[in-house]
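What follows is a set of structures to go through.
Two complexes follow with chain A in common, the first pairing it with chain B and the second with chain C.
What follows is the complex of A and B.
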């Protein structure tokens, strides 16, 4: 299972990656959309956790571009704008929105659910 | 529970009298005292429209009464003087005839009964009204008699008429019965024999003749004409006071030989006019007073009835006008009140929404900026905690993990606050899609599964079978239900109940009722629960934004929300939403 975390808040994303790895989930980090696309060119990621609002490329633009490269990739959006489904209630969209600050357990649950929706 | 709307509907016309004062609205209303305006309006309209009518009626009534009085006096005066003149002439004529006889004929011819009878016959032919004739000498003995009664040889010395008659040249008596028991009048003239002795020529007048003459002046049944003597005893029968010789219960008017009319001031029902005159002939005064009695109400009945009818019509008109004035005033003032009320409501809403928008923009800006550092704190503290838990170092140092938990909890609280603040901004941008309410409710309830089991809360969801899928904004509806259900769970104590009832309100609405058996909301707080930052859950980390956002969202979904609560019993939130939400035109 390959995970990529994309956010312009470097400290935040590094900390998140470390916490995930402590829980047995290895994740790559990218600090911008361009960087994420570069990394995606080399690795087949299963899931991407994207910040909605980043300087340069927004989360949604990145999503479209990533889909071009990796058609099967799943997305989880993280946003400082808060979301309607902060408790993880699935929206009608394919994507899931999570609010900052994140609950690490919610994030992991969501990742697992996105990757293995049948379980 | 809430019957107010029904009562208000029944009192639609009198809203301004029975409305419940609302301090929030009152400050936006132009006029504060509607009952006063109502009363003033009725008074002004009534006075301006009714006073001319009332005045005209009053003047008209006075005029009618005055002219009726004047007319009556005139009529009475005319009748009285005419009757008096006839009466006087009647008596004078007969007295003069007697005078002519005693002057023309010598005494010896007069005392001849046969001759006397002839004279009587001639008098009856020439004048009429004579019953008999007699010659009485100075001692009162009747010398000669002609007439139907057998009165020859009678002595009248003791009779009062005789003593009066012998003392004057001419004499007219009152009506009396005398020896013959028939009411009659005596007229007599005194003369002298060749030897210088006085004698009387006495004639008896038939009162019937007199009565016929008087009654010929009775123009109608309401007029009564009769003769009184000076002591008030009736000399001719009266339709009002009765037969001859009864005492009439009226005060004898002061002497006047000309016609007088008096109008006694008594109650209107029996008002009458009296005309009178003392009757005197040239030769002698008579004991008669001619009285004419006219009843006002009867004589002038037509006029007075006309006046009465007029008054009735005016009265009914006034009443109808008063009713119309009252209705019109009530309607106008109520319309004014309703318009004012609507204006005040709109202004209040505008003020509220402006407040909300301001707060929303400000807080959303802050929340967004705070979220990023907050996320960093969260992850850092989380990582620190992870370090302790996963690497095994300092695992025994419970204090540090507890402190880290405190930080994480505080961050989570901040996160709730900021995300709710952001909810304000999210009132724009509506996306309509088909939503299955039942599924959504079950989804939300599934997050509370653990809490339900832990607290032993009995959850019932009743979805009416005819509830259609609705077209609305999924996200917003989700947040509305989430907020309300979260609130309910927070309020419910262990072993409480949560009932969710979804029903279809044909044709175009559905209602979602969320009913808890929680602590309830005190009445003074009920009005404020939709205000931002109003919270009673200080210890339970409430932000005071949940319901405020919910109210805004429901409005955004073109629905309404109502709350009923009894302290200690529970709270019911009822959200009514359109089945098909209309797309908003962008302003």
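What follows is the complex of A and C.
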């Protein structure tokens, strides 16, 4: 399973990658949309966990660009915005949103559910 | 405060107030997210230790340093929030222009599309610094909206410099210099201009950027 975490909050994303690693899930990190696209050109990721608001390129813009490179990739959006009222529930575009601060177990459950919806 | 200025506070001011609060809450959530993940990682290390699995003790030091840094970041954010909240204490008051610019730069810094900004205003005991008797809240709104509009027009890697220039009369000019320069032919937006006019301030687009001249200032 190839995971990429994208957020301009470097300490947050590094710590998240470390905690996932302790649970047996290895994840690459990118601190910007451009960096994520560079990594996606080298690695066939199965799922991307994206911050919605990042300098330069928003999570939604990055999603569109990643889909051009990796048509099968799945997405989870992470947001610090207070208007989130559907934590963990897919919207009409089948995107899943999780609110910050994250619960690591919820994130892992969501990743697994996105990749293996029938299990 | 005139009735027109009061209307502006209610119409554009509320929008500005909401925007600032949304960006501050976003910043605080990011800070809490880092502290939360770091606390979770400390718990992970505790569980490893209970299982007799060794780990590098420097990880604990890194975690405590990270938490301390984020708490300081949170305090700084709350300090700006508090200063901003007090801008509505008085309908009009004497404000130091460099203080208002500093706060506006800090507040817009929470926006995801903010650009790196250098403030060259004199901060302490400078003859260039001025104060003006004005609506502190609307003046904050004016600078914030101006910075936001410039950031949106600028390339993500571009930088902005703000400086103060004396005018020959009793005015002072705030100079906004984006590097590289941007197309400002449509600036200012009528809503921003409306706020400027209510504050007796005027914009001028120059070859290198933008100038905002404020009249009736006095030495601070």
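One rule holds in what follows: the second predicted complex is superposed on the first by the 111 of 119 C-alpha atoms of A that agree within 3 Å, B and C clash if a C-alpha of one lies under 4 Å from a C-alpha of the other, contacts with A are read in each partner's own complex, and residues count from 1 in each chain.
Quick note on the criterion: contacts are C-beta pairs under 8 Å (C-beta built on N, C-alpha and C of every residue); 3 or more make two chains touch, one makes a residue touch a chain.
Worth saying up front: this structure is predicted, and the values here are computed from it rather than measured.
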With both complexes overlaid on chain A, does A:115 touch chain B (first), chain C (second), both or neither? neither
On the superposed three-chain arrangement, identify whether chain B or chain C touches more chain A residues. B
Touched partner set for A:55, first chain B, second chain C, both or neither: second
Identify the partner contact of A:1: answer first if only chain B is touched, second if only chain C is, both if each is, neither if none is. neither
Considering only touches as defined above, state whether A:18 meets chain B (first), chain C (second), both or neither. both
After superposition on the shared chain, which partner residues are touched by A:102: those of chain B (first), chain C (second), both, or neither? both
Report, in rising order, the residues of chain A that make contact with chain B in one complex and with chain C in the other. 9, 11-12, 15-16, 18-19, 22, 80-82, 99-102, 104
Applying the document's contact rule, which stretches of chain A touch chain C when the two form their complex? 9, 11-12, 15-16, 18-19, 22, 53-56, 58, 80-82, 99-102, 104
Mind listing the chain B positions that touch chain A in their complex? 367-368, 371-372, 374-380, 382-383, 386, 390, 411-412, 414-415, 418-423, 425-426, 433, 443-444, 447, 474-476, 478-479, 482
Help me check something: in the complex, which residues belonging to chain A touch chain B? 9, 11-12, 15-16, 18-19, 22-23, 80-87, 89-92, 99-104
State the interface residues of chain C toward chain A in the complex, per the touch definition above. 22, 25-27, 29-30, 32-38, 40-41, 44, 48, 66, 70, 112-114, 156
